[in-house]
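One chain, chain A, links the two complexes that follow: it is found with chain B in the first and with chain C in the second.
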Partner chain A sequence: MPVGVSAWTALANTTLASAANSVTFSGISGAYRDLRIVFSGGIGSSNASFTINGDTSSTYNWTTLEGNGSANSSAWNGDTFGSMANNYILWYNTTGILVTIDILDYATTDKHKTILSRGNNTARAVNAVVNRWPSTAAITSFKFNGNATNFTAGSTFALYGLSA
Partner chain B sequence: MQLISSVSVGGAGAATIDFTSIPGTYTDLVLMLSGRATSTTATITVAFNGSAASFTNIYLQGDGSAVTSTTGTTLVGNASISTNTASTFGNLSILIPNYAGSANKNFSVDVVTENNATTAFEQIFTGVWANTAAITQVTLSLANFAQYSNAYLYGILKGSGGATVS
Partner chain C sequence: MSLFPLGIIGQGGGAAAGSFELIETANGTGSSGIIDFTSIPATYKHLQIRYTAKNTSTSADLNITFNNVTTASYARHHVVGNSVSTASAAATSASNISLIDAVAPSTTANVTTNGVIDILDYAESTKNKTLRAMYGLIQAYSTSRIYLASGFLASTTAVSRVTLTASGNNFSTVSRFSLYGIKG
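Right after this comes the complex of A and B.
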């Protein structure tokens, strides 16, 4: 492995045998430096989001940068959930969505957590999203929320730990 | 994450970097490239299984002054070019999840070029290869890859331990 490339350790993954409204990684070990999460698949008819450690009361502020092939945009907002990739990437697409999420220093207890996401959907747009979870707690669980609809059968969710 | 294969370009340069006979034993592929062109042509293109057909992409790009978004086919990013600062190389990372599955292959690409001047590129791509075949070959093309361009292909293994999923 070349210098500068961290080792990825696969911690957990699942492929949905049938449509599901949520997927949760829990009991996440604190033994790694960073986390990477990869979602590949589809969602039925609405946007999706995430929550960390079951926290649905804090405000997760987020900023996006996006291009749809002709126009560019940037937005900021705050919700009581994390913006997984934003609506435009996820909305009304049953296949072909790829989202990668990086969480640096996820196990530290001295800082709020920054969540970097990359949304990919060739039918819609490409974007980069940053979220802040305003808590100094170590992250031990991460939940994908389908909200008003489900993640489609065949969707895959993978969690990796990165070590120095 | 395991290194499957690597390519280091020699003094003669190379028009392609080719990974062949990729085993289907991993869940995802990650390809990392440190690349520079011998010409002023910056564009790196991709082919899977020897085919450059059925690719679609959208990308977002900043060059130090302007932001643009464009659609395309096989383009996966820019390399540093011959007129850029000497000894600078661009970096490119491609993630291909479920590369051995039977669905169309989606992938994402993150790219930067290096240049000690006002113009250098940062690019993000979403791409799809509308083909259900397992990917056994990945080819990058550039006119041409300069000496010391290096590419690494990694396979990602399935998870076990360290977390549970439900």
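Right after this comes the complex of A and C.
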């Protein structure tokens, strides 16, 4: 992108008219430098996760930093489906969840994809999470998984691209 | 404009169209440990640096100075999660803002440390200069980290230069640093 050109582009935005178990952004163009994803809403009674490029066989390792009002903590997990803000952020809280996710250099093929997220759950905790998808492939799809339960109606999912 | 420099909810988010602009991108060369953004225009409200970094050798800190000031007038804090526990640390009277462990080592293939650094009100002459950062790295269980950090320079001079220096060795060629300006 030429210097001085406006950098963010809204690529997709989904608002759930009714509860749904997953939302997928697919066909993501490789024309941008970074991606930003914003989730606002709630989920029923299970933790959420994400899947990149339909890859459910890789281990998406993650590390968290969290404060819940009475204690702080850090955790690690190698979850086959990855985490979305440590999953904690979606502890069956039906409202008041806000997660922002940054994926830098998502389309480059010289590095694994590191995902930074900040989670805010008005009933539970705040946290920061780093997650790595161990692949050098460009990211072309991103799927939110509700797993055993659903995202609530009215939840919004937005995808932005940042020009290089 | 939002309280957050990026309009959409905090660290790293997208702002309204036309308010977030690329100033410069610098890539690692493998032979230098310094990224120097100079002659930064004062026409924005805030600055943001988005980076992916890897060292040519062991992991390194990312030391930040403004306007080439290297006197003992910086301070910093951070809180970190290391997969097992949390910790916090600080420094005062420092010669730079040191983002601890903010550059990945060369030992783990394809792994980088990624981060977003916001420098708020960088051009104002009525307040000291502050930054906030979020960065993280996933390697193995015992060497993965997620940081929230802040930094401070006791100077009201507008920032026109930001220098990022690896505390040791060089930035590998997969490293990338992009400087953006956010209009107010």
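Operating definition for what follows: the second predicted complex is superposed on the first by the 156 of 164 C-alpha atoms of A that agree within 3 Å, B and C clash if a C-alpha of one lies under 4 Å from a C-alpha of the other, contacts with A are read in each partner's own complex, and residues count from 1 in each chain.
The rule we apply is simple: a residue touches a chain if its C-beta (ideal position, glycine included) is under 8 Å from a C-beta of that chain, and two chains touch if they have at least 3 such contacts.
In this text, all values refer to a predicted model and were calculated from it rather than measured experimentally.
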Clash-or-fit label for the pair chain B, chain C on chain A: clash
Chain B versus chain C as contact partner of A:Tyr160, first or second or both or neither: both
Partner chain in contact with A:Ala17 - chain B first, chain C second, else both or neither: neither
Touching partner for A:Leu104 - first (chain B), second (chain C), both, neither: second
Which of chain B and chain C A:Glu66 touches, first, second, both or neither: both
First, second, both or neither for A:Phe25, with chain B first and chain C second: first
Chain B versus chain C as contact partner of A:Val130, first or second or both or neither: second
Of the stretches 23-31, 95-103, 149-157 or 167-175 belonging to chain C, the one that collides with chain B: 149-157
Touching both chain C and chain B, counted on chain A across the two superposed complexes: 1-2, 5, 7-8, 10, 38, 65-66, 72, 98, 100, 118, 128, 158, 160
Chain C - residues contacting chain A, complex: 8-15, 17-25, 50-52, 54, 79-86, 110-116, 134-138, 141, 144-148, 174, 176, 178, 180
Residue ranges of chain B in contact with chain A within the complex: 1, 3, 27-28, 32, 56-61, 67-71, 95, 97-98, 103-104, 106-108, 110, 124-128, 150, 152, 156-166
Complex interface listing, chain A residues touching chain C: 1-8, 10, 33-34, 36, 38, 61-66, 72-76, 98, 100, 102, 104-105, 108, 110-112, 114, 116, 118, 128-132, 134, 136, 158, 160, 162-164
Residues of chain A that touch chain B when the two form their complex: 1-2, 5, 7-14, 23-29, 31-32, 38, 40, 65-72, 95-98, 100, 118-122, 124-128, 154, 156-161
